[in-house]
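Per-chain residue numbering starts at 1, and chain names A, B, C, D and E are given in the order in which the chains are listed.
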């Protein structure tokens, strides 16, 4: 529906290769193993899930051309009949069942699909997904690239092959993976959505953010993900480049360790929230590329509640501290992993909390140690980010606030509040959107008051591209599609 | 006999941080074609410096040739360009250094090292040069089949012979040997000296032999020059000097070595030590150690004066001026 | 008379003699003065912290002014402000002690440990030597940055642990240097002379071997400190450096690298600081080697 | 021997061997040597470089642990001594080294060097400053070192003075017996003469016994009462000094003596030029070790071992062809 | 010689056992559970338990170590925890890149270090000496990541001469993309080589055989190359060998700055993920490479120094006799 690129002329004017750069390599080409964004950016081109989302996070058809709810716990999907795997074999309901079963069995990604009880093959092109209990975000979860559909025949024959030579149904076929270097993909001429216009897409690994910008500027890559905040203006002001920004599904926040004194005291937690000036952080460290958050659910996701933010108020914070019995403040440890921007933010927080007398020691830990220590509740405060990748609040609320999810799954404030648990569970098992929102509203009310976390901001998804790139759409979860992307010569 | 080398009033000094070392202090010398001059003196007397000075190999910095002339074959070597001087070295004047252990390049075969000097000066290359190198080896008594070996595979005496082969390869008219046998055992020293003598006569080479061993001088040299603190204090035909030493220092040297012929209970050494090279005494350099020294010796430097024939000495006492 | 003169002129200790030779090396002297300056700054800032109960540190060195971040040098802030709007001049001054002394203490530790192991190894030879040196081979075979990362990861972050990591990764180097030196001294005649008058191992080690192997150790240590400073900067780059907001130069440089194109001064200043320090350590090390090397005597 | 009966034998060495393990094989540095030294006398040891002179000297002092043999000092086999007795014994047996540069600790001053043995042997307490100072001065006087050098370091001094420090260190403990390992060969002639005179004076004054190692034959003749000539780890000839020079018996001794350049223009040298050089003492083949260089060598020399034989009173030589050579 | 090489390889075995042991236990003792790291967000308790079991992390440390060593004997380096791919394959992909980078860096350091060192030594204590030594020292004084960034800004961004990151395609591409990383990595070694060249040249310059050569009338240039350099080479080779070892392990920073797909980065990422099999695999490769480099250096010694060559002959001759 965009007329512009066609006018530019046909293939003659287009490059046959588009290169995009990201900060980390795919961990695994197997969509049921590699679950981090850098892996999913590649899986997304090679594989398809049953359903997917548009840029406003509405569920739209993909491999399933349509679906219907048979009951509270049963979904029927009608699969397209024109889908072929890259090896030429046809996609059938068997493949879908096999893939979902495989995902459920995977210790890496099962959390995405473990609401499923079983998958039935109704006929060659129909599958029925039965859930254990009514589960509202079912469709959203199935849009996740980790619910990708793989070929049963190939994967069963050689279970290892998918790790080195993944065969999917997506717009791009896998060509080559040079670990640490690049993944090369080739247009799938038989793609059910039509052949992509760009012959090759290459994902290049460039770990240093500054280097990604430079590579973009020098034309070594056409598209660069995750530019560092201070480089955004360099891209937007460069006439040869453009900066694409979109709302993201990620929120950044502190989790207070409610097991530890003095953070077991609600007043202290509230005081800290008042004492942090998130707007300044966004304006300076993020160069404006973010939005102050009142909760950890991104506005674009289902279930978002526009609760009142804790506006920056030093006096109030001091007052609360005094009420809590700490008029002169106290010492505390803020744990953060070794990412520069996060450390910078923590340093700002450190300096802001100093104003109300809290002496914060920023403890920078290497990721593994960070996870370990915060799982074990060694922190007073921890700096975390969370992406609601399915754009459904349950994806975030459950692991972060549910009392069964202490430690590793995500609840590192160690909040254990029966009401909170109840609202989360209720919202999960009803398919009724309105009822769910009710629950979430009540939930946010408690959370906002209890303040197990201090939401800081939502960041933006940013992508820098060359001016010649057309058809690139920013996807809130960061899983951008290359189906329509072209680059003029 | 024709004069091959004449040194006139040569000064060489080293400018070091400790001060200026006047290592060669107005030396004048003559050497005839075919004859051998022994240069005797204690550590630090300036023997090596003089030899290197003739070769123009004084390291600069810190060394400097301060003045004088070195007339070799009618040419003043000090006036030659560097390139011209290179053609003199190895071709007309060769030098042998004290320590055979360190004078050969450890990473080149002995043949290469001999052939190098040949190919530089004789304009022959490759095979021919190495053929000649082998001949030279045979000449110094080393079988040609060992020519591909490296210096470390040779014993000290053999190394010194290789060095002699290098020095004589281009048939130089002057060979300067700086303590060529000091590092060797007596039996080996005897072999090497014998061979040098033979080759020298065969090739009609003149030689300056530097040593502090009076015995070696006796067996090898026609003339002898005694050096003390950068000066030649006595010079003459071997027999004149050895049979009739004039300078108290020369006498002292003879008194210091135990004789094989007579028995003495105690030696008669020169008292004291070599003076500090950076602040030499006023007057006669030897005066603080000299038993005859008088007031005059302390204020005034004696001049070289003839004793008889070629025999000259630099001493007021010997000249009867005290 | 002459002798008397000479003896008076030459009455100098070994130290004076080396010092005289060292002084001739202009470059090394400049380096040394720079290091002295740094040391003085470190002492001064430490004293100030102590006297003011860290007030200056808290209010000027680490306190932020985000509105002025990345501001370039000006009359008010001679070296400009960093990414948090902190005064870089003050941070450089206060950071001196970390940069210089982290390296120095780490290296001192590895010198002592590595030196002792190397000395034992070189002195006793045989089996002991074999065991110690094989162990050093193992340590050497593990890339030192990996070792450092692993150690920091294992022990957790912090000054002390970085010190430990640095110290351990330099042990093999020192062990080797000292071992080689001890072995060369061990065979010298003056050791035999000491044995001939009945000196035992301990006396020989402490009175004869150690004083004589000090020179190369000092030189190696100087160079080691330089290396350690770079290693710390490298660790910072990998995110394992000093905990913020400590103004350690390596961390300053590494953190500033993101802004290298936005504000030249915030990388160039700590970069130059590190460079000059290391340059100084190196020229001083080289100068010491020349000054202490007995072969260069007279 | 009888004529010397009034003098005691201070040192008897019997079948002393010292082998070194080397990568190339067993190095017979000292191979079965036996000799005696009388109190107050000097035994000169000469031989070419590498023939085992130093090793023998060190083995006698147990600075190298001998491989086998006996070293009887004042009638007792010191090789059987334990550490403690050995340490005590070091007061009586001392060594002076060749290289005046390498044999002094560059980090110790003259006084420290001289004090060190006194403290090690517990003769003085470390804090007995006065006593020590007095002793140091005494020794410096003894070896002719000016008092003002007391706090100088070796590198500030010339070779002759350094050698005097080395002698001073050896004398500090009042030893009876001193191994002098080429004490003058690194020195210039005039200094060499000074040091030789000093050593002779000390010997007379203190009644010292020397084992004087050198390769300078004129020096050895000058200073020794008896001379042992070594070749490849063995003593090939031993005789009173004069006797040896007057009537050398062993072909090697002959060659050695003939090679000395005499500083007298009238002296006609008749050199016996030896072929080749000292070969390696590693795993030596049986038979006379000199045979390969010997102009008199006969086939049987390569097969038989020869031990020292007394040819005339006090004059020993190890050669089977002495009688033939005489002719 | 062969015997010697074999012996050296045999000596590698205890070193490897030691290295694996130390690394294995450091990795085991460091806090952080690989499973929770891999699983990250949403790491449910069941999944953690399941993956722990799958990766065999429930067994005691010793059992795991023995199992690992058993695999190692069969040439099996195991599978990486994070993606279940064969460690050997992953390393095989990356290791050559690190080797190329390190070799190029050494090349750069020799290219700079030897000439500068020679000039410096020949002009000792002159301004030329001082300037070149300071310049060389600047190389070692700059944190490598900083130098790398500066190079990129100047040569890629401003001048557009060279690619800023990654490994190019084809020979020319690879070479072009190699220049900046090699220079920034090699700068430090260049300084070491310069220094060593200078000091070992200074040592050689004083030797008698240089005077001998001069007295033969050899040209100064020939003396420098033929007589001095060849003799000075041995300590230089030692430094180069050591540097090569350091570069192999220390390429981490350069590889990160220049997105060079090498083993260093792989290893650091593996450490951060507590991916013990990958770390061990990388360390084993690096240790073996380090030892091989050392061995090559020793062989090279024999090549430049005939004295050492004959030592080998003796050693192997002695060895034969021993049997």
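Basically, a residue touches a chain if its C-beta (ideal position, glycine included) is under 8 Å from a C-beta of that chain, and two chains touch if they have at least 3 such contacts.
Which chain is which protein? Per UniProt: B = ABC transporter ATP-binding protein; C = ABC transporter permease; D = ATP-binding cassette domain-containing protein; E = Nickel import system permease protein NikB.
These numbers were taken from a predicted model, which means no experiment stands behind them.
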Contacts common to chain B and chain C (ABC transporter permease) (chain labels): D, E
Greatest separation from chain B - chain, by CA centre: A
Centre-of-Cα separation between chain E and chain C (ABC transporter permease), whole angstrom: 23
Whole-Å separation of chain centres (CA-atom averages), chain C (ABC transporter permease) against chain D: 49
Centroid distance [mean C-alpha coordinates] between chain C (ABC transporter permease) and chain A, Å: 45
Chain B and chain E: spacing of chain centres that average the CA atoms, whole Å: 52
Multi-chain contact sites of chain D, meaning residues that touch two or more partners: none
Interface hub residues of chain B, defined as touching at least two other chains: 273
Per-residue overlap in chain E, given as positions that touch at least 2 other chains: 30-32, 149, 153, 256, 272
List of chain A residues in touch with chain E within their complex: 27-28, 30, 33-36, 107-108, 110-111, 114, 163-164, 178-182, 204-208, 210-211, 214-215, 217-218, 220, 366-369, 371-373, 375, 386-387, 399, 405, 408-410
Partner chain D, residues of chain C (ABC transporter permease) touching it in the complex: 3-4, 7, 10-14, 17, 188-190, 192-199, 203, 207-208, 211-212, 294, 297
Chain B-touching residues of chain D, taken from the complex the two chains share: 48-49, 158-160, 188-194, 196-197, 200, 215, 217-219, 221-223, 242, 245, 255-256, 258-265, 267, 269, 271, 273-274, 277-278
Chain C (ABC transporter permease) residues touching chain A - in the complex, by the definition given at the top: 58, 62-64, 66-67, 69, 83-84, 149, 152-153, 156-157, 238-241, 243-245, 255, 257-262
Footprint of chain E on chain B - complex, ascending: 52, 55, 57, 86-91, 93-95, 97-99, 102-109, 116-117, 120-121, 150, 152-153, 163, 166-167
